[in-house]
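Can you read through this structure? Questions will come right after.
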């Protein structure tokens, strides 16, 4: 019965508000459905072994299902397989496994699409000036994790830049890219990376950021030299501070993701599976369940669908 | 008329793992005297004086200072009572200068607001003092008073430790082989210093393997053997050669009546 | 007929920052002799013997061993030539046992395949050897041969260092104040040991502040003063008191002809 | 001899009569002194006691969920990588060094093993040899810089960490080699993933390798000259040099051994995670140092027993699994592990003191 | 006195005539010996030389892009947080300790400042005081465990790192307080972000605070008794204790000072990134230790000058910006910084040797 169903949530870290919200969402839903939820997290983004250990613990613990945001999408597969062999339902959240069907289901944002949306928005906003834009790319880390690559390459594609190898960033030849730097996805890293690229070329006018904390840091760096008003910053996430930053003109546009939805859908799927063994179905036409992504901006452009700041605020997560 | 001992230890035991360093030893130091402690290597001399000053905590036994039982848990406790020690291993901070070492824990501050408010050290005064003390000990080859102690020669280091203890003691001084590394001239100065200190009424415990030195300055000689107090003799009534014989086990100690467990009435 | 010196140093200079420890000093050790080196604290005695064995690299000057110029850059070089040193600071590894220290770098392996293939140490043989050597030095209070050196008394430690050097030297031995921490009995054993070693034809450099010891065993006395070789005397033709006077600067050294720069023809 | 001399010694006349018997102090009997003696002689017993105490505690709290062959061997599997790396780290720390590059060397070695096989089509055994040599070479560079250029180990291995990690990313292009492909084409890379199943207990080859490695190192450190030299160098390098030990050679070989062991850890890592992943092992340095320190080896070198590091790694493993099974969430688990690490070492300290 | 005694001393008769003049060795003149002397007396000059060399090198390579007031003050801004934390770390390392919890304490303190103001509506100055006290308290716990319970600093601060970070997340629920809100409601939290602009040079209050802090610490360490005791404790704790220094008190106050300085770093962090973000500072411990070691302070305690750590932090800052400006990409920059850190310390070592 439901009340003795155990589920596990394994996130990349507990430090990123995105995962904190995901955990809150899962916890609330689990409580509602009477499921015991155990949560695990790596210490840093990329802490793969802790996630393997967490899966093993869940197996030992007799869990019915595991929700997983994998730090290392390829390497986690054998551990996932081991869990599935024990009859545990494994659902990838946020980050697809490699191959994607290594999990029973995937509930995620389409990260490439998220990047593409902000890329298109930026290009459209600049109009003709897009041809001689100066772009700063603020990425996640030197190990080039998949989410980071997908968003970065999606952005460039949306902006109309030739990707080179779409599996890595930094190999593009386009002169409009001033440079890539890494931010660790937080404010301090965002500011430093922005400063470094500004020193390289103070006339940067488009900034792609991996997430909103990095965007906030980049903004501080621009503000410090008084250029905060002539630069377009775009980002991904749609957290409440990020949306508020759009309202305040800090960020031009962001692609909003829905972690609470991923989490609650995930818990529901586990509950259903525990009850009668049904497994969730992917979104039609995709190999994963798309939890959706929306471009949030108060300066909509033609040809790129977006929602308003108000709508974004209603749906933001933390 | 019995005089009260400054230090009285009874039945002191100290073990390290299964090694027994002090084996129910007694100890007495009386006012105004130089008490020499002699014994073979490893007899337990250093261990017993360390027990007295809190550098080592004995497993059993009782120690009284001026009649009051004490339980020092750190040499700081002893030092606060005006007890100074020259350790056999010197206990100097190698990377610090001579003056820093000499004044560790009792630094002099600059006069006026620079001292009282800004806590600024009076380096000049401390260095002058240090140089003066070393010169008194005949250690004139110290080329720079700012040298780190680790760059001093063996004897120079020992000089720093001796000078420090002598300069600050109020109640009594323990010197564990203070002249071991010193030259002829410098050793002579230390012996003079010991006599100076005694003449100020401050008693001294002197551990030494140098029999002529011991017999020159000691008022009583505590002979330590195999972790115990074996005998206490009057250096004027026993020959060096007999003292050595008792210390090494070649001769039995005389009966207690012929020993000098308390000093002669002053 | 001139005999070739075992060690010949000329114009050796060693500076530390702006401190000059050795100031154009000369040095000679001849076959089969005990050469004592005496001098005030800080005169440069330890520095000069360290320069000879490679523990310190001199800034200037030339050193020859058996007539061949050498440029040791580490004491290992000296040791490979059969030179052993008892350092004033002992150079023992505190956390290791007595036997480990004694055999550092020349351990004994178990016989047979356990030694040749599995490189297993013959602990028993090393411990027995160590205990035997310490007992020979009269250090009978060492309670466990497996004690870490840091748990030994000051004298016991020195005994370990002396025993090590004496046991392994082939060409010559340098002893920097080997009896400083030793008791009467143990010091006597070391003096006997020195004479033993000399009788085996191995020369010894003995640094000591103990004049009676020096005059008892030395064949020649090198007097060091202010970083220089000040004089070299025959202990049989000079009184201790004159030697001390020269060493401390109270008396001028005699002219070179009256010194003993080379040993008397054997 | 001069007259003064013989006079100076006349008080020694009695020495010939001095007793020649060896000191005989009172010997102590009883259980407590015996335990004290044992702990004194074998310092690695202390973390072992802490380990047993923690297993018992979680066993009582969690019952058979924890105290089962399955869960206990699971801990072994979970600590195997950290354990192997901690063995390498122990060697380095015993010389008063530190190796921050262990994780990077491990990962680069495993990437070399994988890429040589899959990118260049070299047979797996040769690729594995290449990986092991790569680790040893990185170790050699570390050791050479520490011993010959006399740079602080912290800086050398910090620099190497960055260099090796970046090389790893650049060389591998961040590509993961998937488990399925390895299984199909070069199963030898997954050798350490093989399992000996006894009932519900699952011993992987990797876990066994870890145990054997510790036994081997304990033998080497205690029973061979090189082992004693490792201690001497860490204890007081200068004294070791003066007393005739080739300290530079010892240091270089220690870092080489560390590199080689890390390369083995890289191989075991492939067995553990199935795939070759360039992003693993980012916390290996801090985790291995933690195991070493909990195991009672001093960061100042020269003191402690290598077995302690095994127990240290296991203690952390027991706490982690135990707390997770108790249902603490991630943040609470981290918080409690922090508390428990401090407590484990406090208990350790207390046992040491009581046994002093 | 007994006759034997006076006989034993008769060779000392000449001593009264011994010269009383102080040793006069040959004095050396010339530029080289003078430089050597200066480097000897002021060890922090060595990393300063390395810093100047690296600025000059990048200046030559990059011209005015790098060698401009703008770029040079940018470096100051970029290193300010690491620099402040490195000051705290220096104190701890001088006592032969290590503080892995610096980053966590910094972040928790800044979160306390922010949450007290925004969650509870407490006036900013009081919230800031609370944040500073929070840092000091964490430091006190570290110090107390190290000094009184005698636990290894590595373990204590590793445990505290986890505990403080977890507390931070549990307390803040990882909520960010936005820059715009702070600016509107409690600008004092951003105090250290204020800028003094002189031409194109931009000095933030945070950077100035860092510089002043180092000057203050250099004064304290060299000119006060407490400062000398810090060195003595790190040099040889036992000797310090035996010679009358209250070593426990020194250790506890050092960790408290470290905690307090980290709390200031937390405040400065708000100024730097504008917002209060619980995810910052994850690398602060390794970065601060790196600065300290490059600056020439020994991880074994007791040796080195605090100014060195400032230069150490700046050296890393110069390399990072310089390499980026040279156009190295992120991965290559990462690799080259590894190389440069090792080289910087090698040059440092070489200068030291040449000046010995």
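Each chain gets a letter, A, B, C, D and E, in the order it is written, and its residues are counted from 1.
What we mean here is this: a contact is a pair of C-beta atoms (placed from the backbone, for glycine too) under 8 Å apart; a residue touches a chain by one contact, two chains touch by 3 or more.
Small disclaimer: the values here were computed from a predicted structure and weren't measured.
Chemist: What's the fewest number of moves from chain A to chain E, given that each move must go to a chain touching the current one?
Modeler: When the steps are counted carefully, the minimum from chain A to chain E is 1.
Chemist: Chains in contact with chain C and with chain E: which ones?
Modeler: Touches both chain C and chain E: B, D.
Chemist: Taking mean CA positions as centres, which chain lies farthest from chain B?
Modeler: Greatest centre separation from chain B goes to chain A.
Chemist: Averaging each chain's C-alpha atoms to get its centre, pick out the one most distant from chain E.
Modeler: C
Chemist: Determine the centre-to-centre distance between chain D and chain E, using the mean Cα coordinates as centres, and give it in whole Å.
Modeler: The mean C-alpha positions of chain D and chain E differ by 30 Å.
Chemist: At what distance in angstrom does the C-alpha mean of chain D lie from that of chain C?
Modeler: A distance of 40 Å separates the two centres.
Chemist: So how far apart, in whole Å, are chain B and chain D when each is placed at the average of its C-alpha atoms?
Modeler: About 44 Å separates the centre of chain B from that of chain D.
Chemist: Tell me, which residues of chain A touch at least two other chains?
Modeler: 14, 44, 142
Chemist: By the touch rule stated above, which residues of chain D touch at least two different other chains?
Modeler: 4, 7-8, 10-12, 15, 18, 21, 23, 25, 165-166, 169, 331, 334
Chemist: Would you pick out the residues of chain B that each touch at least 2 other chains?
Modeler: Counting only residues that touch two or more other chains, chain B contributes 16, 18-20, 42, 138, 140-143, 184-185, 211-212, 226, 239-240, 244, 248.
Chemist: Among all the chains shown, which pairs meet the touch rule set out at the top?
Modeler: The set of touching chain pairs is A-D, A-E, B-C, B-D, B-E, C-D, C-E, D-E.
Chemist: Show me the residue ranges of chain B that touch chain E in the complex, using the header's touch definition.
Modeler: Contact set of chain B toward chain E: 55, 74-76, 79, 85, 87, 90-96, 100-101, 104-107, 109, 118-121, 123, 135, 138, 140-143, 164, 184-185, 188, 211-212, 215-216, 235-236, 239-240.
Chemist: For the complex, give me every residue of chain D touching chain B.
Modeler: 8, 10-19, 21, 23-28, 33, 36-37, 40, 356
Chemist: Which part of chain E faces chain D closely enough to touch in the complex?
Modeler: Chain E residues touching chain D: 4, 7-8, 10-11, 96, 145, 149-152, 154-156, 158-163, 165-167, 169-170, 286, 289-290, 293-294, 298-300, 331-332, 334-335, 337-339, 341-342, 345-346, 349.
Chemist: Can you tell me which positions in chain E touch chain B when the two form their complex?
Modeler: Residue list for chain E touching chain B: 1-2, 4-9, 11-12, 15, 18, 20-23, 25, 223-226, 228-229, 231-232, 235-236, 238-246, 302-303.
Chemist: Which part of chain A faces chain E closely enough to touch in the complex?
Modeler: So the residues of chain A in touch with chain E come to 14-17, 20, 44, 139, 142, 170, 179-182, 184-188, 190-192, 195-197, 199-200, 213, 216-217, 219-220, 223-225, 239, 241, 244-245, 248, 250, 318.
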